[in-house]
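Heads up, the next two complexes both have chain A, just with different partners, chain B and then chain C.
And now, the complex of A and B:
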């Protein structure tokens, strides 16, 4: 599509400069998109690994917890967990991946995990809770990766749209307009040449 | 078990009636066959039907949600305790078995107080002390309805919590109070078998507590405060081995009665990183000790054996119900089921 501009040399120069800039931007954005995709794939694989590890561990831990509490009644279990003293805090920091601000979560735990005695509870419960606690950082890592993937996906989509807009709309339009103005200017040059030639002939004929 | 049979065994003729009744009641205890049938049933409903088919109508579960099942099992436990108190010539002896419920209630009420909540708590109505009395003591500081020693335990536990902000230490202090109460009462009762049973229980409990302290990464110096002092095994011995490698622990108990339990329990712990087997072996050891009751015609052993056998049945039923509800495999359930009395 030809842009609505006046076909003159000034515009032609401006458009050529814009085309040059668009080409440079296109190349840069394409590189950014490729790098983002590369990072994205890496994160997806890492996420898959962490998720599989988490799934395996949570299944094991749930089974262990079930076995640990298999002899206990509802009353006993409720009384054990009625007053938890463990406090878990998640601190968020940000890192930069190709100008995308990706969160990094850091988990800090405070307080005693075991808030019950040792004579009327299953000994395996201690083991089970301790192992459960070990998967908390894995869960946080999974959330961090999930968020990073979502943010990168949005950025890739945005960059891809920009690249496509440059590749299929802006650059062709600029090229078409430049071609049009060049042709128009050539046409004007030719018509002024022929007018000059006619004037010359007319002068000679007198 | 047989080492507990001596000249004083089987001589308490006043238990003749109680033992006679119990011989009849023993027919309604779960045996291995019933338990295996229950485990091998397709689902929970069919599993519970096995109980009815074997004339164990006592276990009738109208609803299959956790709290209803729990309530039925708690009621059976209550009936069990009432029954042995009724048929025994000395009902006050069986207060011993109710103290654990009182101390459970104390723990729950103290936790509720620390949380600042006064609503419904998971309490047991099976203890020696009235729930109202305990409630008034913990929440309002009115100790008229409870014994002085219980007041002392409550105050100690509260002070401990306020000083160290640790529920773990608070509960440990109450647990120690529980055993202090039990052994004080045992002094009054003066029954060798009961003494022997509770001392064995404390020894095995101390062993498992030592393992749990290791898991909880509690420092050796704190162990003396946590271990219960009334057992036959010296608590100092347990403290001494605490920092030794786990595989060497059992070597220190080669001459003890519990050597097999300790050796296999620790071995399983090292190999599988689980104390389930240890716990199961301890339960089986104690049950085996109580089996002397089956061979006693005139004695307290018979009544105590029956009481714990019934409690053991309830535990087994709970394991099967929880296992079936959570779709555990039959093999897995069989692995953790306790031995049976009959």
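And now, the complex of A and C:
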């Protein structure tokens, strides 16, 4: 499509500059898209691996926990879990993947894990709680990867749309318009040349 | 207070109480929706949701995951494989790469 501009030298220069810029931007964005996809695929495979590991572990833990608590009444269970002392927190830092800010979580734990009496509870409960604590970092890692994947997906989609817009709309339009203006200018030069020649003939003929 | 929240069925998530996560025990859609609102407004960095509950409010989770800096993670069900998670992952891969490279069926 030819852009709506006046066919003169000024516009031609401007358009040529814009084309150069568009080409440079296109190359850069294409590189960015490729790098993002490379990183994304790595993250996806890591996520899949972590998730499968977590799936396996959480299933074991939950079953163990359910078995350990199966003989306890609702009230006993509630009293055990009523006053947790332990505090697990995460500190968020952001790392930069091709200008996408991806969170990295640092886990901090403090306080005592076992806050219940020993008389009414079974050793299985202690064990299953300990194992819950072991899989907490894996959970945090999973959350981190999930978020990174969502953020990268958005960015890749955005970049791809820009690359396509440049490749299939902007650059062809600019090229068409430059060609149109060049032809128009040539045509004008030719027509003024022939007019001069005609006038010259007329003067010579007198 | 912990900045990790956990929404789910009480008997599944109660074990995480002593580890120091903030729990939101729920059973049905209105409760889940309310707990999710509370989490979204609270000062949490990570929200974990068990798969059964996540299925009820999946639309809201997806929107929230995209719009806010909070990370939402769906925990698998202890009795079956996590299908919802893989479905979300597959959707994201398809959106980003254009084709399903993870679970592509041959032939």
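Just so it is clear, the second predicted complex is superposed on the first by the 206 of 206 C-alpha atoms of A that agree within 3 Å, B and C clash if a C-alpha of one lies under 4 Å from a C-alpha of the other, contacts with A are read in each partner's own complex, and residues count from 1 in each chain.
In this text, contacts are C-beta pairs under 8 Å (C-beta built on N, C-alpha and C of every residue); 3 or more make two chains touch, one makes a residue touch a chain.
Since we're looking at a predicted model, the values are computed, not measured.
Contact with chain B, but none with chain C, is seen for A:79 once the two complexes are overlaid on the shared chain. With both structures placed on the common chain, the touch criterion links A:43 to neither chain B nor chain C.
Of the two partner chains, chain C is the only one touched by A:156; chain B is not.
Touch criterion not met for A:29: it reaches neither chain B nor chain C. Contacts of A:170 after superposition on the shared chain: neither chain B nor chain C is touched. Of the two partner chains placed by superposition, chain B and chain C are both touched by A:66.
In the superposition on chain A, A:124 makes contact with chain B only, not with chain C.
When the two complexes are overlaid, the chain among chain B and chain C that reaches more residues of chain A is C.
In the superposition on chain A, chain A positions 66, 114-115 are in contact with chain B in one complex as well as with chain C in the other. Across the complex, chain A meets chain B through its residues 64, 66-76, 78-79, 82-83, 85, 112, 114-120, 122-124, 126-127, 130. Per the touch definition, chain B reaches chain A in the complex via residues 66-67, 70, 73-74, 100, 104, 107-108, 111-112, 114-115, 121-124, 165-168, 171-172, 174-175, 178-179, 205, 208-209, 211-212, 215-216, 226, 228, 273-276, 278-279, 315, 318-319, 322-323, 326, 328, 332, 336. The part of chain C that touches chain A in the complex is made up of residues 1-4, 11-12, 14-21, 45-46, 48, 65-66, 69, 71-76, 78-79, 81-82, 85-86, 89, 92-93, 95-97, 101-102. Contact residues of chain A toward chain C in the complex are 37, 40-41, 44, 47-48, 51, 54-55, 58-59, 61-63, 65-66, 77, 80-81, 84, 86-90, 92, 103, 105, 109, 111, 113-115, 128-129, 132-133, 136, 139-140, 142-144, 146-147, 149-150, 152-154, 156-157.
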